[in-house]
Each structure stands twice: as structure tokens, then as C-alpha cells.
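Chain nomenclature is as follows: A, B, C and D, assigned in order of appearance, with residue numbering initiated at 1 for each chain independently.
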């Protein structure tokens, strides 16, 4: 039960597909409390990332994730660009030189990514950002693995927790990012970044759930 | 049967009232083939003129008409300002120093006013301008007087002819003024200046029709 | 009608008061009758240049008053020609002994009011020349009609003649220069939206979500024709074609390319249009040697643009580059100790 | 969506091409990655000033590149922060040996991207200082949140710091000056209409015929609150009140008053607002010594305005008045032999 480079690519493909499919929804969410570009930014970024990833010929997971990070940094822009760029860059550091990851290594890489996002964005849980989906999702993943769940089950619980975290952003008043300028008016809307974060974690459950 | 200074003032009052009442219609007409200000311009101008006229204490018809001319020139602006200003200025020259006008003198003064308008605006009959109401109206007035009609009857025929002239502008393609920039598109609309000219001549029929 | 105004009747007066407050180093505003003069008027020995027209075209003309451009501007009501008393008083206020040039846009109202004013000024023994700008190729040129409207070339003529007056040209030469600029300039405009005259309160015309007006003037009047909205590149071709077909542009010519916003069109769109215009001119072998991009002759908040092409020679380039210090056009060093964008020192 | 554009995806690129074509005497445009640099970059021995942000705010920032203002500007997609590689390449392209100042508007995207870029530039051995502008009093200031947005003061900081760099201030002093300007500037904005991001195609929010948004930023986002439309004078009071309540303005202070169009509001309305703002300040005993009126930091075609007040001292006045030669702000005489509004000589 280990995650190979091709599984990572499958995950990224699934994430890119989900972000393309949800482009308009992310735009709508960002229109409500932001500037309406999150869907376009993420779709553009992941398309660029996938173009570069598909052109790679490597089994180095670190290199794959680093390629994604660089592509996102250079093409997403806005807040999500440096945040997701940092996320994948920190994952890449953890996976540098590795052709496969154990479930524990995979979880540790995600955790490093999360820490990178929180450092870069100076965001905490409850600030109504992508952290509110990433943190509970990754927490649930670790917990499940610690409880002896297999990867598929752990990823399922990760996605469920991320979705809950995403929904839990609705009543929050934003303290970081563009939505924070709205003050109280930001409450009552789901955070776009938490939504894209959930889509990315859910893509992992889809793509890696059947990993042998 | 002669026209006194107070009759002239009554005419001007009636004209001012008609222009105020038809302000919106003139604006609508000017919106269709011009810039939509004719009603506001004429109303503003005649209000200013009447304020100055009412403050006068004179029986000199020339002075009254000159006061109107100066007020229109200084407050109407646009094309109508210099045109109607010139109209009343030329009438004033004809009436200078006179406390009353015979019907023939009145017609001659109007004719001088018309000539002033045509010189100032370089406009001919058929150019789709105020000339198209003024010229037939004044022509009919002279004709009626020549045929021995009394002033009331002559003024009535003047108003009817002016109205016909005004309506006859509808199919015309404008050759002068702002409407000319529309080319063929100016056809099918009644000229705003011909309309205000008709209102002014009709006011004469109303106010002077009962002159003894 | 959504506007940042108070009583619609007060817009022109209040805007003039705002201009006076914002630019005391450059201009002074007279209220009875209304005109704007440069702060150091009259400039002795210099030909004085006076223009004017309806309000609603800002920055034209008041924003062009100052060193190297206009000596005075007369603002009428919105889209309504000013009156002869304004031009008469303004001309007297700026006359510095070398005569006055009236730059008049070809609208029957403007022409007639300026004619009356010129007569009044001449009656004071002051020399007056009048030049009528008629550069709008949207209107067919004919001696039987009113002729073409005066639009974008007016801005360029005021800048260039202002520099010539500053350089000591006498009245005859400044007037001849103005006629030369008028003869060498051609414009065409289009609108994406109408505009609303404040005291009217309703839009000047209606336009569907997928329609545009081609061949508009600057008074919110409808254009020559209505068409389906098209990409910017095609619109630029549609505007440039009649401009280029009209004399005097030929392969090898140098031109100034002026892409103007009607008011509501932002700079980012103007640059998209500028790019295409430059490409079209390059294709025709016409060299753009100077440019102007922005809202300079507008129709209130109307969205749309106009393109003006002015053939340039060495004299026009030199006068275009000469210093100018007005609220809206400003570059180079004026000999006077004035600087900054406004405010009392 | 009625805009003068071609494919919505191409707007930023095409506008940059237009800028490059219109102002070859002032700027050069790099396309991969996208940045605008002054034509004579790098200027040896001078602190280089780099800014940037989403597109759609034109003329900011590309229109402020040139002598006496920015050395480089990095445009992102519309309303989207540019990326670190742009800032990195731009900083290297303009570095003249005296370090680089990044002027960053306080949006999480801009801040984070500029942070990453600064790290990359420092890794090349180039000194970098970053100053974050956060002058928008519509947003409550708190260390627990993102803090205030950077708006109108950015324009003033770029002009003033550009002049200081030109005058030989070293990196530390230019950065300190920038922080001083940020500390002394306050802004507040409002919208009459939303705007439409080209590749989105629908307005950023809906607003009734009698509504306005108070406390907006510059990205088409809704403001702090929605209210019934009011006369301009009342709106000016509503914007100035929180500005004046915030430090540092006191009776007897000198200020620069900047009345800015959000894009679709024409000059005539800005002057109506300016007039009232000047009156309110006079009432408070605050002296307006400099002014700026026009569309300088915009949100596409949004109708509305912002007001910025900057406390001025002798240093700031001197640096404000110093020559500047950019596509959008231009006055005084630059030592370089550049003039005119654009075009190849």
C-alpha cells in the first residue's frame, strides 16, 4: 500500500478536472465575498501545472510536486497563487527524491504543506480561509491512519472532514484575505479557498482511494 | 386696430407660458434628432426675458423687444439663443421708439425678424429649421392683411400656416443645425425649433387676437 | 440617473467652483458671466486664444486653460453653446494687445454665438480671428448643409495654437496654423452607451445590450447608424477606414494618433484600441510620431471612444512638444514658476 | 457586458501592447513575464522602485512608470495580483546598484506574492525593502485581521518616493519616506455602479437605481454598507468624516486633496465633489496646498469616487512638485531629452 509517482499525477489530474468543473461555482463564491476570480485563477493555474507535469518524465514525486508549485506560483496570482504554491512546495520538500510515499509519508507531506500555507498567510483555523478545509481534512487523515484505517478509508474521512470544514466557514466572519474587508458582511457565505481546498483533497480520495 | 406696448408684453407672456407648458415636448423632440436641450433652453431664456420685461416701465415697443433679444442672447445659448435673439433684435429695430404698431408695421417687424434668422443661420425654407414655421406663418399673415382680413383673422391664419409648416418638417432631412448630422435619420421627426416658433406665433394669435 | 451631483441645475456652476478650488495656480474662474482664464491673464503681447462650448465635455475646454494652450474657455450649460456675452467678456479679459483667436467647434449654436461675440469684441477695437473646427468624418461634407462637426481635432488645435501663440506667432499666423491643423485632422467616434444630461434625467438615446452607435458626436446625439456590437479590433477598423479614406493621409505620412474616451470607457480599453489602431496605420505605411490616449473630449459618462488622426510636420511636432501647463494637459517646463498639479503654494 | 475589447482573455496583454505602442519614449513593456519598465532602465546609482498589482486599475501602475516615479510595474490579470516571477524579473531589470523598493498594496495576494519575490531578489544579492500601503479607512484596523486595504495613497507614495529616488535618497531613506507617506495618507471610496471583470462577464455586484455602496475597495468587491443614493455633497461628507476622524489630520495641517474617479465617473462630477471637499476641509481649518483630480486608481468602468487626504510637509510638497514624466502623470522638466505625450521621436 504505497503511493507511486503515477498516483500523484492521477491525483493532480483529478484535482485539475474538479477545479475546471467547479470553475463557475468558485467564481460565484468569490464574487459574493471577494473579487470573483478564484475559479478562473485556480483553473488557469492547474491547467498550466498539468501541462508541465504531463511533459515530465520522472518518478521523483518531489520533482512533480515542485513543478506544480512553480507553475501555480507563476500563473495563479492573487492570494491563492502563493498559498497553493507554498503548499505544494512544502510537500515537494518532504517528497524530494522519493519515487513512492507510504500513507504516513503522504500525510506528513500534506501537513508540511498546511504549515506552509499557515505561515505564508498568517492564518489560523477559524479565519475563514482555505486553512479551514485543509486543517480538519489533514487532521482526520492522520487520525484515521493512526487508528489503523487503510489509505482509502483514511482519504474518505479526510474528504468528509474537509467538506465539513468548508461548510463551517459559512457563518464565520473573515479575518484574512479579501473577504475580511467586508467585516460582518462576510458572514453567511462559504469561503472560496476552503472550497477549492476541499476539491483538491476530495480528488485525492478519488484518485488514491484505489491505490493497492 | 393697433398693437400697444402692453399687447406686446401680453404676447411675450403667452409665449413664455406656452414654452413652459411645452418644455418636455420640446425636449423630447430635440432628443430625437438633437441633443435634448431645446425645451430647457427656451424655457430658461423666456423666463429670464420676462423677468426683465416685467421690470421695465416703458411704452417703447422697441425697447421691450430689445430687452427680450438681449436676455435670450445671454441665457438661451445653443443655436436657438442667437437665432431668436436676432429675431427679436431685428423686430426691435423696426419698432424702435414706437408706442404702438399698426398691423402692417407688426407684420413688417416679424418679417425683419425672419430675415435676421435666415441671415444668422444661413437657413432656407426646407432645411428643417424654425424657418419652416416662421416663414409660412409670416407669409400667411401678410397675405391675410393684404386681403383685408382684420388682425385677429390674420393672426389666426398665421398660426395655422405656422402649424402646417411645423408639421411639414417631419419628412424633411435636416440641412442645418444639429439634426443635419443625422443625415437621413433626421427624417420622420418634427423639428424642435419649428415647434417653438409655432408656439410663439400661436401665442400672438391668442394674445393679440382680441386687440381692438 | 446615477451621478455624483447635487441639484442638476447647479452642476456646471459647482464644477467650475471645484475647478477654481483645485487649480488656483493655473486658472481663475469668473462666474458672471462664466469663463475660465489662465491665472496670469492677460499676457501682454501674446495672441490670446479663446474657446468654449457646452459643458459635459470635460476636461475640454476649461481643463485646457493655462500656459501654452488656451487663455480663456467659456462653458455653456451641459451640451449647450455658451452665449456671446461670455465670449465677449472672456476675450476682453485675456486680450494682451495682440488680438484674439476664437477656436470654434462647428455646431450651429457655437458658430452663431461666437459670431455675435466676435462682432461685439471687434466693436471694442480688438482684432479677432475665428477658426471653425470641422473634423468629424462621420458627417458628410457638403456646402449645402451645416457641414461636419468639430470634435477631437479641437483638442490638438488648442494645444498646438497655444504653443504657437506662446512662441510669438502673430494673430494671422496663429489663425492660419489653426486652419492648417483643422485641415490635417480627421476624427470619428462611437458609443457603447448613451449619456444622461443632468437636468434632463433620462438617457439621450436607448441602446440594446448588443448594440452600438457609430458616427456619434459629442452631445449624446445618436450617431449615423446603429450596429451590432463587435470586437474592439473591428470597431477600430470601422472608425479608421473613413478617416483614412478622407484626405490628407498618405503612405509615408507622420501622424499624431489620438484615442479618446467618451467619458465612461476606461484606459485599459483605450489601450486595447490604440494597439489595433497602431497596427492598422503601420499596415498603411503611416508612421505614428506622437500619441494621446485618455478622456479629453467627452460626453459626460458615455462609454465609447473616438479616434483622431492629425498629419504632422516638423512645425506641428515642435509645437506639440512645447511646454503646456493646464489642469488636463501638462508637460515640459514653463518659464513661469508654476509646478505641481494644483493648490496654492 | 459592453466593452471595447476582443477576447476577454487577451485584454491585459493587448492593453500592454497598446501602452508600449503609445509611449515608446517613456516605457518599455516585457511580455514574458509581464512587466513595464521605464525606457532608460536601469538607472545606475538610483534606488529602483517597483510596484504592481492586478490590472483594471489603470493608469495604476503601468501609467506611473517613468522619470520621477516608478522604475517598473507588474500587472497581474484583471483584479488578480501579479506573480513573484514578474516582480523578480522586473526588479532585476531595473536594479541600478542602489537596491529596490517594493511598494505593495495591502491585499493578501499582493503581499504574499511580493514577499516571495523579495526573497527571490534577495537571493540574487540585491537589497530589497518592501513597504505595504494600507490607507483605506473603510476597513477597521486590527492586528487580528488582514488590516486595511491599500488604495489612493499608493499613487501619491509612488510619485513622492519616485522623486526622492531621483533626488538621490538611498534605499533606507526612500523606504522610510514611503512609510511616512503611508502613515500620513487616508482614503475612502464609494460606488454608484459595479464593474464587470472581462473574463467573468457579469457585474461584480448588483446595485439598485437608487443605491450606492460605501466603503468599497478597488476590486469590484462590495463595500462596507449599502445606502440610498444621496446628493454629492452628502456623499463627500460621508467619505471625509472617517478620514478626518482617523489620525493624523488636525486644524492647521497642510494636505494634498486627491479626488479620484473609479473609472466611469467623469471629471465634471469629480469637480463637483472636489468643491465640497475643499469646503469641508476649510471648515476644519485644514489647508489644501496641492490637489489631484481625475481617474488615477480605478476599478475598470465602475462609476464612483474615492477621496484621499495626505498630510503634507515641506519635504512632501517639494517631492510632489518635482518633475515627473510618465504616461499618466507628467509635469516639470526632466533632465532627459524626453517630451511630448508619447510616440517615437
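Keep in mind that, in the parts below, a contact is a pair of C-beta atoms (placed from the backbone, for glycine too) under 8 Å apart; a residue touches a chain by one contact, two chains touch by 3 or more.
None of the values given here were measured: they were computed from a predicted structure.
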Subject >> Remaining connected clusters, assuming chain D were absent and nothing shifted >> reply: A | B, C
Original post:
Taking each chain's centre as the mean of its Cα atoms, which chain lies farthest from chain C?
Top reply: A
Subject >> Separation of chain B from chain D, taking each centre as the mean of its C-alpha atoms, in whole Å >> reply: 55
Original post:
Distance-wise, how many Å sit between the C-alpha centres of chain B and chain C, to the nearest whole number?
Top reply: 33
Original post:
What whole-number Å value describes the gap between the mean CA coordinates of chain A and chain B?
Top reply: 77
Original post:
Mind pulling up the chain D residues that touch chain A in the complex?
Top reply: 33, 54, 76-85, 107-109, 112-113, 115-116, 136, 138-140, 144-146, 149, 197, 199-200, 204-205, 217, 219-222, 224-225
Original post:
Which residues of chain B touch chain C in their complex?
Top reply: 27, 31, 33-37, 40-41, 73-83, 85, 120-121, 174-178, 180-183, 185
Original post:
For chain C, which residues are in contact with chain D within the complex?
Top reply: 2-7, 11-12, 14-19, 21-23, 55-56, 58-59, 63, 192-193, 209, 212, 229, 231-233, 235, 256-257, 259, 263-276, 278, 288-293, 295, 298, 300-301, 303-305, 317, 320-321, 323, 325, 327, 329-333, 339-345
